[in-house]
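The two complexes that follow have chain A in common; it is paired with chain B in the first and with chain C in the second.
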Partner chain A sequence: MSADRLIAYALRGWFLVALFFIFVPIIINFIYSFSPSRFPTLPLGGFSTGWYELILNEAPVPRAFGNSLKAGVIVAVISTFIGFAAAYTDYRYRFLGKNFYLALALLPPTIPVLILGLVMLMFLSRVSLVGELYSVVLAHVVYCIPFAMALIRLRLAQMNPDLESAAWNLGANSWRAMREVIVPFTLPSIFAALALTMAVSFDEYLIAFFVGGLTETLPVRVLALLQGQVSPRINAIGSVVFTISMSLVILAQILLLTRRSGGRSIAAGGK
Partner chain B sequence: MADKALTQPTAGTAARNVDGYALFWGLPLALWQLVFFVAPLVFLVVMTFWTVKNFRLTPDFDTVNWVNMFSKGYVIDTYFRTLWYGALGAVVCSVLAFPASYALAFKASPVVQRIGLFMLITPFFTSYLVRIYSWQAVVSDNGVLNNLLGVFGLGPFNILGTLLGTMVGYITLTLPLVILLQFFSLSGVDRNYIEAAQNLGCGRLRTVFLVIIPLAKTGIILAGTFAFILCFGDLVSPTSLGSSKPPTLSILIVDTVKQGNNWPRAAVVALMMVLTLIVVAFTAIFFAYRVKKEKT
Partner chain C sequence: MSEALLVLDKVVKRFGEHTAVDGVDLQISKGEFLAIMGPSGCGKTTTLRMIAGLEQPSAGEIRLNGTRMNELKPWQRDTPLVWQNLALFPHLSVLKNVEFGLKMRNVAARERRERSMNWLERMGLAEYAGRNIAQLSGGERQRVAIARALVTEPEILLLDEPLSALDAHLRVRMQSEITQLQKQLGITFAYVTHNQSEAFAMASRVAIMNGGLIQQIGSPREVYRAPANHFVAEFVGSNNILSGTVTALEGGQVTVQTAWGSFNAPTPEPAPKTGDALELVVSADLVAVSDSAGAEGNVLSGELISEEFIGSIITLYIDIGDGIVFRAQKQQHELDALDYSSGRKLFASWRPEHTYVLPQI
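What follows is the complex of A and B.
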């Protein structure tokens, strides 16, 4: 018995070590963003918000921040709509070439972002669509659709398929059944997809670096600063990026957790 | 039940209406991904046959880029090095992740599981670039880690610019995802099999290796494959933590573009990477879903 408990403790301890490893860089980043010193010293030399003031007054940073927000919101809306449409198509229809269709919907994140950025720059520069914020949007939507599609498809899988046909039998046409059955049922996952795709777009730096050219988003600004000398400004920007993207991902998860309880009751009621 | 929903719908409504409806939902994805995903990839293949004349990109059909890249020893070396780094990253990460995902699947209450998943999903989607920058401050020669170890009279250890540094970055990138995927397949393992094995006198380790791992095989292989894909294509860890020496294929692509603007040669390397990933992914899927026939 005691050996079993010892092993259980050891395993749980290992899980905590893994979590610690994952969170160390995030915590360190927050700590040093408030350090007055230029180099990461130990122990800390004091407390200062100087780096935050510096980045606020450095024109490229607020501008890049605005670009990231704009691109993030537009990417979230477009990729969630397309992801929803694709998830619904997969849920409801069977057709020739469906595997290819699903590959289109799910493959992009398995290709390294460096290569996605490279091919999109090569291609978009041929049709003169590079260097603007909309170039970043076009490319990010490709990369974000799979996340939206997956979240909404998982939600549709929990739906009782008889619900939609019941609406048809009661005289609703396809559009009305969509509006009154499918959309309300998937709504939490739609909001979760909006939050998650915005987080993914907000964080993505390589595709944005390639196709955006001089139009920098916030992570691209970080990438530019990384090429230079060590500067705790990156910690300050990083803290902003962490806070925003973590909030969005946490929001997405809360939406998905709350929907689960609601979803079961509807599904159970349907049966 | 899904079939019923598929066959019933059109009965009452006009077929024309339904077609428009189906196209409205089906087409956006197809159009967007064909134009902005498939077309660029096809163009990548075309680009590998173009040439650069007087620093200008010229449409052409010439195999010079392929011949040139494949005849260079360092390209071949870099290719195999990147394969090796990716494989090492995937194996190390899978091994480090396994006890953690095992603990989460078998030694945690449902509430703890939920919190654990939450703590893994959140950082996975959180700026990898900035996390790597932080690691730089931790593992550099006079960074946080060496300062801490110095208190105990250890070190300083040189991690930045070594394979170990690159691996730290790779694991930062892949660990949350690998634990998550392993966890999902482990929690799908039927507990009755585990109990049966133990009742029949199978020891702890043997149960893990002969019962649990084979039953969770699909998820474990897929997790390792995703880790490989992420490490193989990563640019940030080998540059920031590995100091670009020796280079990986990603670094080679960036250098080829930067020095001499040679897009077609960069395209050759990119295409080699895509083809490699496709082969690896299909091989992994084959092994992940293969059912052994011996038991029928």
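What follows is the complex of A and C.
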């Protein structure tokens, strides 16, 4: 066996080990969320949805879940809209300080969340906007815009730069060209951005913890639960959160991958 | 006579320090096929984009049917453009692409469909109506682009090197399709290209541009046989250019002394004076080649350095000294009797009346 193949197998093995360590806790989480006993035992003591019923009936958890869901949806819509606008500005215009503008627009995720959360708390409390669900929404929008912008920019970069002018040339004014050409072309990435920003907001903990005050989102509630006692309810909550976040991220991926080929081949056809 | 359909009046376009179009005067009449030709960067595409309103002239005026157009937005004009990269909408079907212009003009859905289908039928694309653009071949896309531009029945169609992405065979076929379409419709076509054979084959008039200026406008024949200046003579056809001084003017002929001999040519209008510097143009296809001296008319000699076959035509490259390579283009059978191996001394001759004197500047 040649050294190259050996390395290839070793890398593959390493990859599988990494995947194993990432997913095993989550899968175990899943399995034990359906176990009736208080402590993880082998073999499993049976099948029960008891923990799920328990979290449903425990008032703070559904409320926190509702908060997370509401915040997630609103954050997704606002940050995707602003992200689109930022990406389009980058695509369409050339202006002085554009690189600075881009750097600024993409900055928030590069700042440690701890610092971002603290600073947000300080700022929002100064302007008396702290402790409500909209505080979480505001902070999360700031954090999520760059994700939306990055995704939509990616799609715009694949667009034939003459398409918009072609729409004008055929009688579409700026707004109609936007509606008939730019938005439909970027639609997959817009949906992807909606899904991804919602996922990011849905399981973001630190910022929500700092600015939310008594308004708890799900991750905040879960950690509060854990601090009191390690309860198998966590397994149930974790499974729900994981399923929702992963579905959103996978949805974003699917949206980005399908139809990408279509845009490419047209661009290539013009060469 | 009333004013032409489209008039460009001393149109200038500057991009910062760079002047792309430097005072273009151009009149395009109704129903004509005008080709704007020039090397890349000569300002031809910018000129076309200004007509479409995609660029604003820095100075001068563009008039369509006598109305000033400068301030009109692209969507307020009816000057559809066929793009070099076609710019078809990848997210729309073939039919929706063609319908686009009508939809923007708020034509009712039913009429829109009917008119677009008519165009697709005309272009032989009816069965592709529901297809995605990505599923079409290069030639089919080309036709969709033309149908999309013509569906609003404009007075003028602008074409920006639309055939440059096609292979040679398909290009020739599309050339004749476009020419026929233009004749049938009687719509004015303004066609930008850097390809001489394309321009000459299709257009009824050719405008040669260089350095942001129009160097010459005329029929392909005029431009080919009577270039207006050194640039046109060099850019168009395969011309030999010889510079020299006038030594005599006699009987309608001018005698010009050059580094390669003394040549006669018809006296141009206005007539030059003895001692004037002139440039003579000899089209490569009007040159006879022989391996012995003694031919009539203007003769020069040199060493054959290479030859080039293009189908039945052979181009001979003869080094005549002073860094000038003289070209002679012949049908292959005309050279059957001649030994044209490299390094041989050859004599090139042409008739005085086939010599063209470039106008003095």
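Keep this in mind: the second predicted complex is superposed on the first by the 255 of 271 C-alpha atoms of A that agree within 3 Å, B and C clash if a C-alpha of one lies under 4 Å from a C-alpha of the other, contacts with A are read in each partner's own complex, and residues count from 1 in each chain.
Here, contacts are C-beta pairs under 8 Å (C-beta built on N, C-alpha and C of every residue); 3 or more make two chains touch, one makes a residue touch a chain.
Just so you know, these numbers come straight off a predicted model, no measurement behind them.
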Revision key, fill the gap. Max touched-residue count on chain A (chain B vs chain C) belongs to chain B
Review point. After superposition on the shared chain, which partner residues are touched by A:88: those of chain B (first), chain C (second), both, or neither?
Key: first
Review point. For A:194, is the partner it touches chain B (first), chain C (second), both, or none of the two (neither)?
Key: neither
Check your understanding: Is A:29 touching the first partner chain B, the second partner chain C, both, or neither of them?
Key -> first
Check your understanding: Which partner does A:181 contact after superposing on A: first (chain B), second (chain C), both, neither?
Key -> second
Point to revise | Partner chain(s) touched by A:162 [first = chain B, second = chain C, both, neither] | key: both
Review point. Which of the two partners, first being chain B and second being chain C, lies in contact with A:18: first, second, both, or neither?
Key: first
**Study point:** Which of chain B and chain C A:173 touches, first, second, both or neither
**Key:** both
Practice item. Check the residue A:75 against both partner chains and state whether it touches chain B (first), chain C (second), both, or neither. Key: neither
Study note, to complete from the structure: The intersection of the chain A residues contacting chain B with those contacting chain C is 160, 162, 165, 168-169, 171, 173
Study note, to complete from the structure: Seen from chain C, its contact residues with chain A in the complex are 52-54, 73-75, 78-81, 83-92, 100-101, 103-105, 132-134, 138, 141, 148-149, 152, 165
Study note, to complete from the structure: The answer for chain A against chain B in the complex is residues 7-8, 11-12, 14-15, 17-19, 21-26, 28-29, 32, 39-42, 81-83, 85-86, 88-89, 92-95, 101, 104-105, 107-108, 110-115, 118-120, 122-124, 126, 138-139, 141-142, 145, 149, 160-162, 164-165, 168-169, 171, 173-175, 196, 199-200, 203, 205-206, 219, 222-223, 226, 230, 234-235, 237-238, 241-242, 245-246, 249-250, 253, 257
Revision key, fill the gap. Touching chain A in the complex, chain B uses residues 1-2, 4-6, 8-9, 11-13, 17-18, 21-22, 24-26, 28-30, 32-34, 36-41, 43-44, 47, 96-97, 99-100, 102-104, 106-108, 114, 116, 118-123, 125-135, 137-138, 140, 142-144, 147-148, 171-172, 175-176, 179, 204, 226, 229, 232-235, 240, 250, 253-254, 257, 263, 266-267, 270, 273-274, 277, 281
Point to revise | Complex interface listing, chain A residues touching chain C | key: 160, 162-163, 165-173, 176-177, 180-181, 184-185, 187, 261-263, 265-266, 269-271
